[in-house]
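Look for chain A in each of the two complexes below; its partner is chain B in the first and chain C in the second.
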Partner chain A sequence: MMHDIIDSFDRRKRFYINLLLILIFLWSLTAINWNEDLVHPGGGVMIIQILKSILQPNLSFEIIQIALESTWITVVYAVAGMTLAILYGSIAGVLASGILTNNRILKKVSVGIFRGILSFTRAIHELVWAWLFVASFGLSPYAAIFALAIPYGGILGRILADALNDVPKQPIQALKLAGASNWKCLFYGYLPFVWNHMLSYTLYRFECAIRSSTIMSFVGLGGLGYQIQLSLADLKFDEVWTFLFFLILLVVIVDLWSGLLRNSNNSKFSAHALLRYFSIDRLSIYIFTLLVCTSWYYVIFVQQASLLKLFSSENAQYALKFFTGLLGLNEVQPAFLNFDYWKTAIGLTWETLLMSVMAIGIATIVTLLTVIPAARNFANGTLTASSSFWQWLSFGIIRIAYIFSRAVPELIWAMLIVFLLQPGLLPGALALALHNFGILGKLCAEVIEEMDHKPVRNLSTAGANKAQMLLYGVLPMVMPKFLSYIFYRWEVIMRTTIVVGFIGAGGLGQEFKLSMSFFHYSEITLLLFCYLILVFIADFFSEWFRKAAK
Partner chain B sequence: MTTSNKLEVKNLSKNFERKISLSSLSFIIKQGEKIAIIGPSGAGKTTLFNLFTGSLPFEEGSVDIDGHPLEYWKRKKQLANKIGVIRQQFDLVDSLPVIHNVLAGRLKDWGFFKSVWSLIYPQEKQIAFNALKRVGIEDKIFARTSTLSGGEQQRVALARLLVQKPEIILADEPVSSLDPARSEDILTMLTKLADEENQTLITTLHSVEFAKKYFTRIIALKNGKLFFDLPAEKVTTEELTNLYRLKELSP
Partner chain C sequence: MKKWLLNIFSIMLIMSLVACSQGEDSTKTTDEKDVKKEVFNIGMIPDQNVADLNRSMEDFAAILSEKTDLNVKFVPAVDYAALVTAFERGEIQLAWFGGLTGVQARSLVPESEAIAQRPIDEKFQSVFIKQKGLPINSLADLKDVSFTFGSESSTSGHLMPRYFIMEDGLNPESDFKGKPNFSGSHDTTYKLVESGAYQAGALNISVWEKAVNEGLVDVNKVEVFYTTPPYFDYNWTVNKGLDEKYGEGTKDKVKEAILSMSKDDSEVMTLLQADNFIETKNENYQAIEQVAKQLGIIK
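Here is the complex of A and B:
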């Protein structure tokens, strides 16, 4: 027949790409020294103890009270951070889309500058921002709030800019012909188009903000994470579970809320005018406004955090010292001019990269193994025309595992894992994988739920059995979307590797923590530089692979 | 077993939530017949096909193939050898290359490992190639299905049927999304292939003209009931007008 080599490569392109990805993952595993030294002596006993106490969380009045209080603080920081993030994101996002000006040069400048700012602010993980803020102005709720607002605003702004650029051109042109200015076009043309999408995305980021706010405690700012850390240090696992259950509950509530919102936006026909008045959209906005007001009230009046105090002369001194430290002005040879330290930093960068590949690889494997029974249309039989009690049971179990996995932040997974494993790349990768498998699983299960059933049904009438229907129907149809989600999570994991490094998972994060503790600020500059390079490389490759896989 | 009665439908009824969809249908179809089922939208044509493939259960009546009920063939895992389906939306897996969509007709005889391996290294390539050659698109064998035109995709679906080799072909509006020239092309091919393999062909159609031109017998359904069942040449204009009339004028 008619195949030359190029043709044969071209039609197997996706196969080769997949093979390459699998090989990269397997090779990343070789970075670990697989022997019994990986596990703590007695680590197994500890893990059993931790798992046993899952069934007996501490529900004493005292602990519940602490849990409620710290849940509230977690929510307050998340809400306050989100308010600022929305402000920053909407302003920078509109400017980064370049829709406010007709002047070509001005547009290019505005888009270039603001896209740059947005990508820089979102490249650095919120916990790193928090640490930088604490180091420069000391412990204050504002450190947590700003640390959340900056990267979250960066992400919201980027998504808003992309959404604005994707708005169809004709309706905007029509508005312009009707005499609307750029500003009027923004409010009457662009914003109505992107509103629903942005609302549901913002709610999703709010869910993430709650998790992030939880781990702010790691740099000494209160909240649920702080309590979890304290109880872990005292080995009071029953209390740890109580706090974790509160966190999970919180995440589930926000998740349900955003699910309701999505559904109400999808259904075009609202039943009754009165019902529409109290629609979930409106209600959501009321609730969010109420939350914003109470949160800021709490920060300003109850915690008495004064923004002005941040700018005291004492803080100015600290900040000055920190920034001159970062620039290495008071050192003879700052770390970023030291050849040996460069070598160390590059070695650590490499390790961090390996850790991220391992993490996404493990998360992907577990997701692929579980995702099909986790899809609702598989459980109820619409996909393969057969349903059973066992399908429903496995659906329930896997979905609960997903919720559990993604509700607990990476950092807390890492804190638990280091009880079992010696510090190193493996616990870091496992913690990242544990958190991401729940997210990846949920995203991928939704892909299966939304796919077109007919081709799969047709395979069944052609005599395919269940496994063959999955192989020839479901997998080829969902794989491109799965891959793009996998890469998207890999980008996120790359940003987060530094965070699990803080608790001894190796890589750049661990060194970052050490340098912070020894006040070696010029090292921090170099480490942050390497970290940013990694994040940008991850963004670039994921974009490239997504295109290649199409 | 009576060899001549390929498909026997007796008093077949199907209701959807109190609404009658098919009521008490009966007809016999013989081996090698070419039948067009016509009727206005909502007459129950698609429902009838879904009952034949076993994807919908029915309350009353029976559907026998070669003298045995559907359930019997289903249990023996022989249904795919008896009945094959081709639909208006083609229902192919877009993201797979053409060859795998064609070879899907072999899945009924393949084990799990052969199915997996074939995705990496296509098995029984010659069968797929021959089938595609018969429908005239053998050069597209390794193309991605989503890059094909509507007419080409319908040919891929036909090639799959050739590979599957069912004794009865159910074609559900096979040409409704194609233009007239391509429709004729596909119908010619479909009837020709069915003749060559001595298969029984049952097609639902919107176009009466096509039904008369390509098929030997026409079964008309209206409101879930049998309206007429006649040899194609005996169908009169008057009956067709009655079939498609919207509502009776007198109450």
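Here is the complex of A and C:
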């Protein structure tokens, strides 16, 4: 009897998990007071004003010049940050995979320590790193570069470590039997296996780095985000749009680039030898190297930022002062020994958690509603064996919406949304959802594009209509992958909640910003601690759910 | 494949080595330059007209260079706290602060000095605005009303309004409808009230008057219901140790140069709505410091 129940539970496991997730999402919505007027009356006028200026972006020579300059700075920080991230990620990643040693204990220690370092560095959002670096390093470009490099290196390192551990064991054993050292195994055994995967993932992170680099400038380090924030604070929407268009263009270019690279990896063997020589891979690598050189040249010579000055004794003193502040050594009662402040912080932590659940829930719903027509194989009819003008039209519109939604940083979405909605958790959640829906949509559409067409085709020839094809053909196949992307984005959203809090969306972020502005460092320690716990909880649950849903 | 990999790794390695060694070289050369003419950095809190101000500050810096014979450079800041931090670290020699940020900066660098301000800053005021038609006529009526301040670091947009609200017996953390918001800028504050996002708010009087005069705010939707008593606000503050670093008499020279600025000198003066600057001193801001301490902002 008991056995039967467990058996039937096992079979329906996925169903129960989905049900549970939906319930959690619905429960998070109860945190909002739906009775009140959520949208306020005057907001419409404001939104119309904002939208009107889309059609009339400020294209004056001065603004374009500023936009070009800021775009360049954004790219420079992103590239410089990525180079350091790649260095840090590849070293720490290899060490965290433990493949360089045969000694069991040494391996455990190395894996333990480096996995820990990697997960700590990626747990904190780049904007928070930027804040901390500005406070301890000053307004140096390195504050932005390090702030990007540390969490990005953490992510790259972890992905690399996972990929290295997933490499099939037989070829490696063969190499070892032939007498290859651990280093040789790494270069000739492991790396060729993970190379393509890492290349495309790194490029994807590069796209993210450009968006992050925009956000980074919100702490005052120059770049597109800085300009956007300035113009937004002065309510000059025509300028905001000009800068946003540049940002969108930048994201689209990187997106196209990584798309080309992925495609060329798939069809490499068909190309002619000569063509292969000038292949997109090679070209990409040259371009990237060129970008790296010019970026560092710019940082070092044009901005005259010297790395050594960062490590001056003067700076060490400021950093020391900052850290004693964080530890509350010069305070009679640091915030983390204050019971009332703990209560506030825990309340805010709870709010933040609700906001993240709400955000991913909304993003998921919108994605599921749009993802099918957004898949290229649906639009051109390979999936359903029928193609029409309308399919192409909806494909185009949705894809543009995806690009637009993810090119605009959460912070800017939030700044616009507060004009329309009553303040509270909902605007923050919506801003996060708006940004993530574009990313989630893109990732999920790619899953559909890469899936096996045959079962759906079969349904189609058997006379199934579109809804049936979707329900019985597409969804069952793509759902596990979707779920894993959804959880992955949830983790990211959790890290980002602190950022939207900066503009008054509630949660930990707002309090964090206030404490930063008032230089109440021991409060920051406590808030960061709560934030880290949230991030680790998110990581843990998403891992658990992903395993359970498999 | 393997070759590429090695290529990439070696390029990366070379690049990073080159980058590091270049870093050393460049510090040497900039150090040499520094001896000749150390850069004198000025900063400005991002308070109003930030985009325009930041764009025209370079020419203000040029005028200051001319008047003082220093190598003046403007460092843009987008965040109040970042500017205060930079000032504390000695990266900014002269800064345009608000009342509160100035007090914060001077409490971090006790030897720094407020030297000049605009005539209006001697008797600066904040206005409290509300959506037209709401039955709010005094600060005490703000109970259970949704409310937005400006930036949390602003004197006229946060500190003094908060102080006067508390004087009238309300606790901003618990008596409003929900928690008070921090809009980030004065311009955003009146737009948020105009759009209906918040029922009431407080901002800098000169930003408000400018918005009304230029038609940036819809006066059919927003109106003023209370104007605060006057207090000291914005000021130019010089950092410590200028005379040692830039030569004897630098501080006085800078002060003189600022006091001699007139309306037509730079667009910055128009953007700051200042005809000229007048002398000020640290003692003028004791009241603000007390308020900040009382509110727990400075510990």
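What we mean here is this: the second predicted complex is superposed on the first by the 525 of 550 C-alpha atoms of A that agree within 3 Å, B and C clash if a C-alpha of one lies under 4 Å from a C-alpha of the other, contacts with A are read in each partner's own complex, and residues count from 1 in each chain.
The rule is short, and it goes like this: contacts are C-beta pairs under 8 Å (C-beta built on N, C-alpha and C of every residue); 3 or more make two chains touch, one makes a residue touch a chain.
These numbers were taken from a predicted model, which means no experiment stands behind them.
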Practice problem: In the overlay, answer first, second, both or neither for which of chain B and chain C A:Ser231 touches. | Solution: second
Notebook entry, point to check: Once the shared chain is lined up, is A:Trp296 touching chain B (first), chain C (second), both, or neither of them?
Noted result: second
Inset, instruction - Considering only touches as defined above, state whether A:Pro192 meets chain B (first), chain C (second), both or neither. - result: second
**Item:** First (chain B), second (chain C), both or neither touched by A:Ile86
**Value:** second
Just checking: does A:Pro171 make contact with chain B only, chain C only, both, or neither of them? Give me first, second, both or neither. neither
State whether A:Leu471 touches chain B only (first), chain C only (second), both chains, or neither.
-> first
Partner touching more residues of chain A, chain B vs chain C, is chain C
Shared chain A footprint, chain B vs chain C, residue numbers none
In the complex, chain A touches chain C at residues 40-43, 45-46, 62, 66, 83, 86-87, 134-135, 138-139, 187-188, 191-192, 195, 217-220, 222, 226-227, 229-236, 239, 281-282, 285, 289, 292-293, 296, 300-301, 304, 306-309, 314, 318, 331, 418-424, 503-504, 506, 510, 513-514, 516-520
In the complex, chain B touches chain A at residues 53, 55, 77, 79-81, 83-85, 87, 89, 91-97, 100, 104-105, 107-110, 112, 115-116, 119-120, 125, 129, 139, 141-143, 160, 164
So, in the complex, the side of chain A touching chain B is made of residues 1-3, 7, 11, 15, 385, 454-465, 467-468, 471-473, 476-477, 479-480
Within the complex, chain A is touched by chain C residues 1-2, 4-8, 11-12, 15-16, 19-20, 22-24, 26-27, 30, 46, 48-52, 54-55, 75-86, 88-91, 104, 108, 131, 146, 151-153, 178-179, 181-185, 187-188, 191-192, 194-198, 216, 221, 297-299
